[in-house]
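Each remark here refers to the structure printed beneath this line.
Lettered A, B and C in written order, each chain numbered from 1.
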Amino acid sequence: MRAPARTHATGAASTALRRTLESSRRPARVLAAFPSGVYLEVRSDLEPHVIAVVTGEATRLPNAMVVGDPIPRVSVGADASVGDGAIEIGSLSLRAHRWWDPAPPLGPVDPVRLAQALPVMTELCDRSPKRPGLEGNGAAGLLAEGCSEASLLRGIMAAEQLVGLGPGLTPSGDDMLAGLLVALRHLGTAAGVGRAVWLADWLAAAVTFDARGRTTPISATLLHCAARGEASGEVLAVLRGLAGRQSLESALHRLLQLGHTSGADLAWGLRIGLSSVLDLREGDRRDR
Amino acid sequence: MVQVRTGTYHDSVSLMRVSQALSGLPGVEAAMVAMATELNRGIAAELGFALPACGPADLLVALRADDGTAAARAAAELDRLLSGLAVRTAGRDAAGHPPRTVRAALREAAGTAGNGGTTANGGTAAGAAGEGDATLVLVSVPGPHAFAEALDAVEAGLPVMIFSDNVPVEQEVLLKRRAEETGALVMGPDCGTAVIGGAGLGFANVLRPGPVGIVAASGTGAQQVACLLDLAGVGVGHILGVGGRDLSAEVGGLSTLRALEAFDADPATELIVLISKPPAPEVARAVREAVEKLATPVVTAFLGPGEDDLTAAAESALRALGAEPPAWPSWPAVSPGEEPSGGEGGPGTGAAAPGEAPEAGIGSSRAAAGRRTLRGIYSGGTLCAEARLVAGTGEFTDYGDDGYTRGRAHPMIDPALRLEALAAVPSGDVVLLDVVLGHGADPDPAARLAPAVAAAVARGVSVVAALVGSEGDPQGLAAQAQALRAAGADVFASNARAARHAARLAGAR
Amino acid sequence: MTLPMLSGEPRVITAGTEVLGEALDAQAVPRVTVDWRPPLPGTAGDLARVLADPRRAAANARAVDRLTSARPQLAAVRPAHEVLDLPPGAFLHAGPPITWERASGPMRGALIGAMLLEGLAGDEEEAAARLAAGAVRLEPCHRHRTVGPMAGVVSRSMWMFEVRDAEHGGTAYCSLNEGLGKVLRYGAYGPEVIGRLRWMGEVLGPVLRAALELTGPLDLRALIAQALQMGDELHNRNRAATSLLVRELAPAMVEAAPRHAAEVLRFAGGNDHFFLNPGMAACKVSADAARDVPGSTLVVAMARNGTDFGVQVSGLGDRWFTGPAGVPDGLYLGAYGPADANPDIGDSTITETAGLGGFAMAAAPAIVRFVGGDVSDAVAATRSMYEITLAEHPAYQIPGLGFRGTPVGVDVTLVARTGLLPTVNTGIAGRVAGTGQVGAGLVSPPASAFTAALAALAEAVPAG
């Protein structure tokens, strides 16, 4: 019996995938399938070990290959492979004809501008009917306090409680942490607040250490991405909005629409990160 | 058979593909399917077709076949190909009302964005206000009509890349002046290469994103530098083409200055590389002054006598970013009888690089026989000019020049003219040619070049190829290099090094 | 300067070579494809010149803003000789200027009718002879701030709707609608036609005048906006607008003229096109507000006299640019067919000029049979007009298109670039004088009228 003919397609891949794609071919399986995307789990220690293959309409996750044409229907558990330059799902073979950066540098930002953006962001989030999944949760509060005081102990304690907390493919706790990590790293770098980046490094190490064992595979991969400052287009747009490079309101509006609570959880994490960067900057200044 | 079809329009490149397909059918002596512009009517007349009255809005079909069967087959194939084009155009837009001008397209996009959030699919991110807004317009309509479409973009304050050539210079100046008022950027006209956010427009390579921004009045020049940087592991964020005339006295570098400013304001751009043929003196002064005011460092490559070549510019850029330039990849020719080393080992960056070891291999023995003529057979204008300067000898032809592309596809897509030229090179001479990979280029250039190269080598011609491509290019850099070297060409990733090597083979240096 | 395209995801509009667009598809770059075609033959040079005119963008913005911000109000109904420069022995007619020699059947019939009405001739033969001898001065309605449907013949004793623009202060006029069937505007001049015209002068006009004096000016902008939402496109369908107008005027008519109110209401209410005429005057006063903006390429009048189709352009004063009037393509009444049809006639294309009629076809699903039979054809007709217009009307909206404003303000350069001609809804007059209406449908204006206007615009571009 002859194998079915291969269909070749091309798309735009996150540079986070470049290493996995260019290394030799490894087996993978379909973890989840939606009309707008397929998640593949690759048998590999390399992160991201979950790869999202999505159409242009879907959220552009930092571990995504975006394709122009509709994705053929596949069933969960189906065999796939990734490597030698291609992603293969069933008879479909995908190659990258474009690479995009899931963690573009924000460039220098005046901390005064960030300070002005915080109340705006807080008001927009508070006004939104989209609520975070862990509103009122103690660990979430602890995380915010720990971060703004640069208390590594309290921050890490809270973060460890939050990993995998909540229902769904990407639990609310993970989304919060991802937002926080990305904000600390990018806004800290942009505003020249070294302690925020330092905090991001430590939290990232703590959170990613055993993420694969504590949360869903896709969420673990997204935490690994966030640890490196890699985020979805919606999150990056909010960062640009905070930096005054685009409309914060429309960027935040788009982010809040994501998923059931995902967008609101990410936004909450970003807020905690932003406010920590501002608090830590005060600390940096006092130390000087 | 000569036919005129009214009410049908297809772009010239699509029709060239149809013509090519028909010409290749058995029994077809000549085939031309084109819009009946003055130029195309002239070509058809030269081919000996008697034309009825027709104008640029009509589709002209001219076919000559050996017999009725062949003609009928060609006519059937023509209908199939044309209906394919029609389906493709219609299938684009689900609503069935594709916009007819750039202005209408902008208006549609704005209209959709204004209605915001009406998308039924709640699970996705699309549909929110501003999401659908275009960020860039790409115009490639025939030159005499490009102004209107480009002006739509400029008046809306949107960057526009004008791929079209034959746009009058006064229209270029007007567009660029208007762009200063509206905040737009005019890339072109005759801008063949741009990369925006990793997306290649026109002839462009698949590059890793990164800290370098390239401003280029020369498309292939930008491709060379970007590919070398990419091979060195340094990413290029964007290539802003400005059109070959931008740095002329008439245009005054208007787009170059704007592009420099835009990169300077872009937080992700850490280094700017400016590539152009030597500008008009007063423009060079203005550009230099502007560069001095920027906060972002600029590496300038004004290709001319006494200036850095493109490879040197790429190396300067790497050093400016604190990276040591690598040994540029090269792939020495496989001598007849010798087994080509497998593709696994990758390019011979170190040991057997022909540039490093000119005395080795097939080149040296013939070089001893005395001076040989160096013939540059190029598809990229800037690459051709660079090679001529670097080699300092030889006869160079740029087959991408307007004189050769009238009524036919660019040599990066259709190698026919270069293949003819290669076949005509007398035994004993040295051929230097460029092979450009990436979006827009021939999907497998080595497939048609390699047999011609092998034939030339068999006649005693030495062939040197500058292979301009990145590791991410769809043609596969390594595979193309292997195919060319297996045919007997010495292959270099650096055009300047290829030129030096070719000059040495010719006995000039 | 910052360039937003340098951050964020590229989204591209492509116009031209399709392979370049396909390369973007392969990179999953979202894009919108322009279905570009070459401009109308012979216009490339003129287009480049006119588009390069530095005045154009601002001039068009100003002109179309005046067109769409006009607030037409029905102010009065008065006899023509009171308000128009119309001495005895002068008639107005629809469309660009025309002579008796070149006039078509229905135009000649209407002129004969006006001769009889004004007592300038005893019978048909005498009227025709006098007209042929040049005894009557013929001038276009448009020259006198007036529009007239079909033949559009206006003579001294006829009564006129007077519409004022509350925004810019202009005034425009249109005659009263006679109803359907054998009527003067379709070239009929039999005794019942003349009799009806006399009754309109003696009863209808004065009653309307008296009623309006009681109600005060009526806001036609609001009325038209409502009618669009009730299924009118205001050219071939005026049923909703007529009802709205009658509803506004009825109480005042009863109060002002109790003896004639029932008779007048029966006449107005029994004529679905009663509103066409005040609607046309509303469009005329709006379009006139956009006149005479130097450098503007906006069309301020489209009109036909049964022989020629003419346009006027804001930046070119009151010059006419004409081409041969086409024969409408449509549905015919009874046993009539295309052979009975006269070439296109009437000033009612002022509705399309102001963004109504064929341009608002998508608002009027009830009459889609005129445009090909399908609601989707109506939507397509309206959508294609966005291609050649400068704006979307802020008040005149189409419910079926998500309350998008109607396409308004035809730009000569866009017509030349796209080759798309204005979609015009129209009634069809019989070619033989006195026949009356034989059908209704769609008509395409001649491209040459627009290319001639473009050439004149190119000549008018200041040097340098």
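Just so it is clear, contacts are C-beta pairs under 8 Å (C-beta built on N, C-alpha and C of every residue); 3 or more make two chains touch, one makes a residue touch a chain.
Because the structure is predicted, anything quoted here is derived from the model rather than measured.
Looking at A-B and B-C side by side, the one with more C-beta contacts is B-C. Of all chains shown, B has the CA centroid lying nearest to the centroid of every protein CA atom. Distance from the subunit A centre to the subunit C centre is 58 Å, each centre being the mean of its Cα atoms.
With centres taken as mean Cα positions, subunit B sits 36 Å from subunit A. With centres set at the average Cα position, the gap from subunit B to subunit C is 51 Å. Touching two or more other chains at once are residues 10, 12, 56, 97-98, 100, 104, 233, 245 of subunit A. Across the assembly, subunit C contributes residues 2, 4, 7-9, 26-27, 29 that each touch 2 or more other chains. Touching two or more other chains at once are residues 197-200, 266, 268, 439, 474 of subunit B. The touching residues of subunit B, when paired with subunit C in their complex, are 9, 11-14, 35, 55-57, 85, 88-89, 92-93, 96-109, 111, 115, 118, 132-142, 144-149, 151, 153, 155, 159, 163-164, 168, 171, 174, 183, 185, 196-202, 237-238, 258, 261-263, 265-266, 268-269, 439-440, 474.
Put simply, subunit C touches subunit A in their complex at residues 2, 4, 7-9, 25-30.
Here subunit C touches subunit B in the complex through residues 1-21, 23-24, 26-27, 29, 32-39, 41, 44, 47-48, 51-52, 57, 380, 383-384, 386-387, 402, 404, 413-414, 417-420, going by the rule given at the top.
If you check the complex, the residues on subunit A that touch subunit B are 10, 12, 15, 18, 34, 36, 56-59, 95-101, 104-108, 233-234, 245, 247, 250, 253-254, 257-259.
Residue ranges of subunit B in contact with subunit A, taken from their complex: 121-126, 128-131, 197-200, 206-211, 235, 266-268, 439, 472, 474.
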